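Before I ask anything, here is the structure I am working with.
By written order: A, B, C and D. Residues from 1 in each chain.
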Amino acid sequence: MSTSKVATMHDAIAAIVRDGDTVAIEGFTHLISFSAGHEIIRQGRRDLVLARMTPDVIYDQMIAAGVARKLIFSWLGNPGVGGLNAIRRVTEGDHASLELEEYSHFGMVARYTAGAANLPFFPLRSYFETDLPVANPLIRPIESPYGDGTVYAVPPLKPDVTIVHAQRADANGDTQAWGLLGCQKEAAFAAERVIVVVEELVDEAVIRADPNRTIIPGLIVDAVVVEPWGAHPSYVQGAYDRDNRFYLDWDPISRDKAATDSWLAEWVHGLGGRAEYIEKLGSGRLAGLKPSAPAPSGSVDYGEYR
Amino acid sequence: MSTSKVATMHDAIAAIVRDGDTVAIEGFTHLISFSAGHEIIRQGRRDLVLARMTPDVIYDQMIAAGVARKLIFSWLGNPGVGGLNAIRRVTEGDHASLELEEYSHFGMVARYTAGAANLPFFPLRSYFETDLPVANPLIRPIESPYGDGTVYAVPPLKPDVTIVHAQRADANGDTQAWGLLGCQKEAAFAAERVIVVVEELVDEAVIRADPNRTIIPGLIVDAVVVEPWGAHPSYVQGAYDRDNRFYLDWDPISRDKAATDSWLAEWVHGLGGRAEYIEKLGSGRLAGLKPSAPAPSGSVDYGEYR
Amino acid sequence: MSDETAAFSKSEMMIVAAARELAGQRVCFVGVGLPNIAVNLAKRTVAPDLELVYEAGVFGARPARLPLSIGDPTIVTGATAAVSMFELFAFYLQGGLIDVGFLGAAQIDRFGNINTTVIGDYAHPTTRLPGSGGACEIAINARQIFVIMRQSKRSFVEKIDFRTSPGNLGGAANAERIRREQGWLGRGPTVVVTDLGIYHFDDSGEMRLDSLHPGATLQAARDTIGWPLHVSPDLAETPEPTTAELDLMRLELDPGGLFTR
Amino acid sequence: MSDETAAFSKSEMMIVAAARELAGQRVCFVGVGLPNIAVNLAKRTVAPDLELVYEAGVFGARPARLPLSIGDPTIVTGATAAVSMFELFAFYLQGGLIDVGFLGAAQIDRFGNINTTVIGDYAHPTTRLPGSGGACEIAINARQIFVIMRQSKRSFVEKIDFRTSPGNLGGAANAERIRREQGWLGRGPTVVVTDLGIYHFDDSGEMRLDSLHPGATLQAARDTIGWPLHVSPDLAETPEPTTAELDLMRLELDPGGLFTR
């Protein structure tokens, strides 16, 4: 309970992510662990099954780098910009080499929920009268035992590894996040192994002062990596904004395979880790991403009961 | 959005709770709206179907007062003390006059969840090889569409009215609570009408300062009743402790029908509402229930993004 | 007239027309891109009490700027509630609390069925589109669906390549029966706003042109739609954007002109 | 010896014996009443790193006093996590994170099947008991089940009146097959601690007396059990409560003697 799980990103990925694993780096536009994705590229993992609701730029980069054989997802795009061009190169026409397993957003959330709850399936009202169950035979109809119709079911998704980024955790991995929470809790409970990357390592007392704010208990966490700015170019509520310029710049880069490869060479393979990445980005770039003003939540009282 | 839903308990119950309704006063040992239960007795509602995971002393009182024809529950007791004697009088032997519909805790939570999510059923691993599906034929087996066995399903529970107590809400009904959250969120989203009773009415800005703390949006709330100490003898995290003496005293009172009736006459029918109840309890009794010291959660920063 | 029409872009007219359709609505599920700016414009004009719901997990958003994408820290700060996506999709959307779901589309047919998955064959598509995201469940569970998209023969088609989100299926009768039988809470698509005009759905569940935007012609509408166009007997002309609407878009919501040019 | 045995109550011995069985365990699901004090005693003695989970929705509780019931503000203040009961039952319990589920019972049979629902006929019971609460799902999903209850012919019965919580069903072979086939994560009951002794389960899945408490006799055990008692060939005597254990119970955990008298 009091043993520290704090590790470097290098050591955490080396010990926890294996070739062929199903890996979920979750976080819906918010708290995306680009840092973990880059380290997986750097360490040359292969044949990964990548799961994520919105593959986003990080999976475009990982797939461009050749770490994955399959993608499980619900929305494939560069949010607010356009397509994911590296992924399109391996999914369109006769070159289609990346295996796809496709759901809707609620279907992906329901899959993680079933995985976390050890359920053999999860029911939802989506998919009826659509072509999705044809495209993905794992989406199956199920009769209500109360004689009131049919709904669809999705199977549990239990990643070998789930990686989430959060504002803070203690050394045991007890993790707190605020802002958009996406499906990180469900994806973490569904996973065999969990890596938490945080902006700030805090004392256990900070976590225990607000137990309702905890989204993941250390009980299911294998490693805690402390990396400020580890979610750049995505954002961290209260810490930094999305670096939209990065998302815009990625579009032309990713359209050209050579440009993509040289970006990976310069920004991933050419760097030792997130510290060097941040230094290379430059303090000016980062300063422009800070919130314009603080917006404190205020404090509530749990009371001492002796 | 800015129209106030603030009402007195009398007016809220008069307008929202009707004879024959299915009513859920939820809150697992914590935040139990005794005040609403007493007002329902005072207004002489009849033939209610009372739903609640743990009927607790409040439903023992309501059933003793004759408001209910049926009880839907998962654990029938006076927590930490013993049985619920008024309910036992109408459920044991040949006098059994109260209809019972019985689940497990997870079954009740799953029923509210299915109700809130507009699902025709909710699957869980409970009940297999037990006598509960025999006692309650609404608990039904369902085959996994993935050929990996059978689980059980429970049907959605959609109360006509759900009543919850919380630490604070704004005039629109946007409600925040901390400490044990039980199944209040699920029970509220599942309900046709919702009454929120709070210790404190706060400005909308207090709610919006910490959006992750909101458990129920005003969107689904019909009335906001402001009644400090409204959950006595249960407790409110940070505000007051459980009045255990009350739970202990209820045991001998409830064993005797006459004593029960005179308690109801004195403490419910004989009083105009919670304000008089609190005055009758006395400030000394209440002072002894305050937390021994504050335990602040601390504040987090959401950041301004313009 | 020509001067005035020259004073705003087709995209601006489309966004303004979509925003106006939200008058009187209470809870709106906001999609990526054009819906995002249309809803934020409506919130500042015809529907100040509109509750903005983002699939990312926000109810009652008060964005201080136009959100950069479907998720943005500005939709959380000052919101009524920030919740898990399970809660958002299960309780808010599937639970029936959303009045209007706003969708875009790569392909749409006369019955408002939508494709955002692939162009061509699914296994070997000529174009791989983003896929459903939340669109499939929004189309099924939101009380009604608004669609905003530019017209072209490539997008308004006789037959969509893939049905990602159900509309009026093969027609109103069929669709109403299935929605009733399956316990869906939504009644499907009710409004389609394009760069040329405003469409609603007739009793047969088919798209009908009810209003042409200033400067747009019936011929232009017919030339960019893949089926015989149904036109309302009392076809209207869409009122031009007001200076106030244009200023809001240009100065506040989209100063970069990302959506409005 | 008699002096010393006179120095503690049967209830105290039972609670201490149950607490000691938790040595080496990591995550324990705490039930109402006796389990509550036994687990809180273990946390203060043999298992300081034990994570206390309360069905009310708390993980990693650090109660500053003995909780008054299954829910109490003292289990929340200073806890690692306070979560919804959906999350507690779905992710923590059904998800397989609970090592030991602690249960009490009104009736138990030789295979550890438990009744907490009714005595007599279900429709017209002679005694209406609390019912399952979380017991049914705890028995199915916790990795192993500890039972703590006083012995009597009324409670240790040949046949329970109602099966609320499954134990080893009709025997170990049958139980193991069903648990495997149904994908249950738990292996069922492993320990029963009473006011007279400590029982574990033999290869046939049946209760076996492994240790007699000081002052208790085999005859007393046989006289309070409704089936032919299986006794371990190397029956042990339970070590008496230590002064430290007694002081913790009497001075800190249960000064009122609610559970220990």
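Quick note on the criterion: a contact is a pair of C-beta atoms (placed from the backbone, for glycine too) under 8 Å apart; a residue touches a chain by one contact, two chains touch by 3 or more.
Fair warning: this is a prediction, and the values are worked out from it, not measured in the lab.
Q: Spell out the chains that contact subunit A while also contacting subunit D.
A: Chains touching both subunit A and subunit D: B.
Q: Need the most distant chain from subunit A, centre defined as the mean of C-alpha atoms.
A: So the chain farthest away from subunit A turns out to be D.
Q: Roughly how many whole angstrom separate the Cα centroids of subunit B and subunit D?
A: Averaging C-alpha atoms per chain gives centres 28 Å apart.
Q: Whole-Å distance, subunit C centre to subunit D centre, using C-alpha means?
A: A distance of 58 Å separates the two centres.
Q: Roughly how many whole angstrom separate the Cα centroids of subunit B and subunit C?
A: From the centre of subunit B to the centre of subunit C is 40 Å.
Q: Please tell me the distance, in whole Å, between the geometric centres of subunit A and subunit B computed from their C-alpha atoms.
A: Once rounded, the distance between the two centres reads 37 Å.
Q: Would you please write down the residue numbers of subunit C that are in contact with two or more other chains?
A: 58, 72-73, 76-78, 82-83, 90, 94, 141, 183
Q: Where in subunit A do residues touch at least two different other chains?
A: Within subunit A, residues 113, 118-120, 124-125, 148-149, 178-179, 181, 185-186, 209, 212, 237-238, 241, 291, 295, 302-306 contact more than one other chain.
Q: Run through the chains and report each pair that touches.
A: The complete list of chain pairs in contact reads A-B, A-C, A-D, B-C, B-D.
Q: Can you check the complex and tell me which residues of subunit A touch subunit D?
A: Subunit A reaches subunit D through residues 1-2, 113, 116-120, 174, 185-186, 189, 207-209, 211-212, 214, 217-220, 302-306.
Q: Note which residues of subunit C are touching subunit B in the complex, please.
A: For subunit C paired with subunit B, touching residues are 27, 49, 51, 58-60, 62, 64-65, 72-74, 76-83, 87, 90-91, 94-97, 141, 183, 185.
Q: So in the complex, which bits of subunit A are touching subunit B?
A: It comes out as residues 118-125, 140-142, 144-146, 148-149, 151, 153, 155, 167, 178-179, 181, 206, 209-210, 212-213, 237-239, 241, 291-306.
Q: Once bound in the complex, which stretches of subunit A touch subunit C?
A: Within the complex, subunit A contacts subunit C at residues 28-30, 53-54, 73-77, 79-81, 83, 87-88, 91-94, 96, 102-106, 109-110, 113, 124-132, 134-135, 148-150, 178-183, 185-186, 235, 237-238, 241-242, 244, 247, 291, 295.
Q: Applying the document's contact rule, which stretches of subunit C touch subunit A when the two form their complex?
A: 32-33, 55-58, 68-73, 76-78, 82-86, 89-90, 93-94, 117, 122-137, 140-141, 162-166, 169, 178, 181-184
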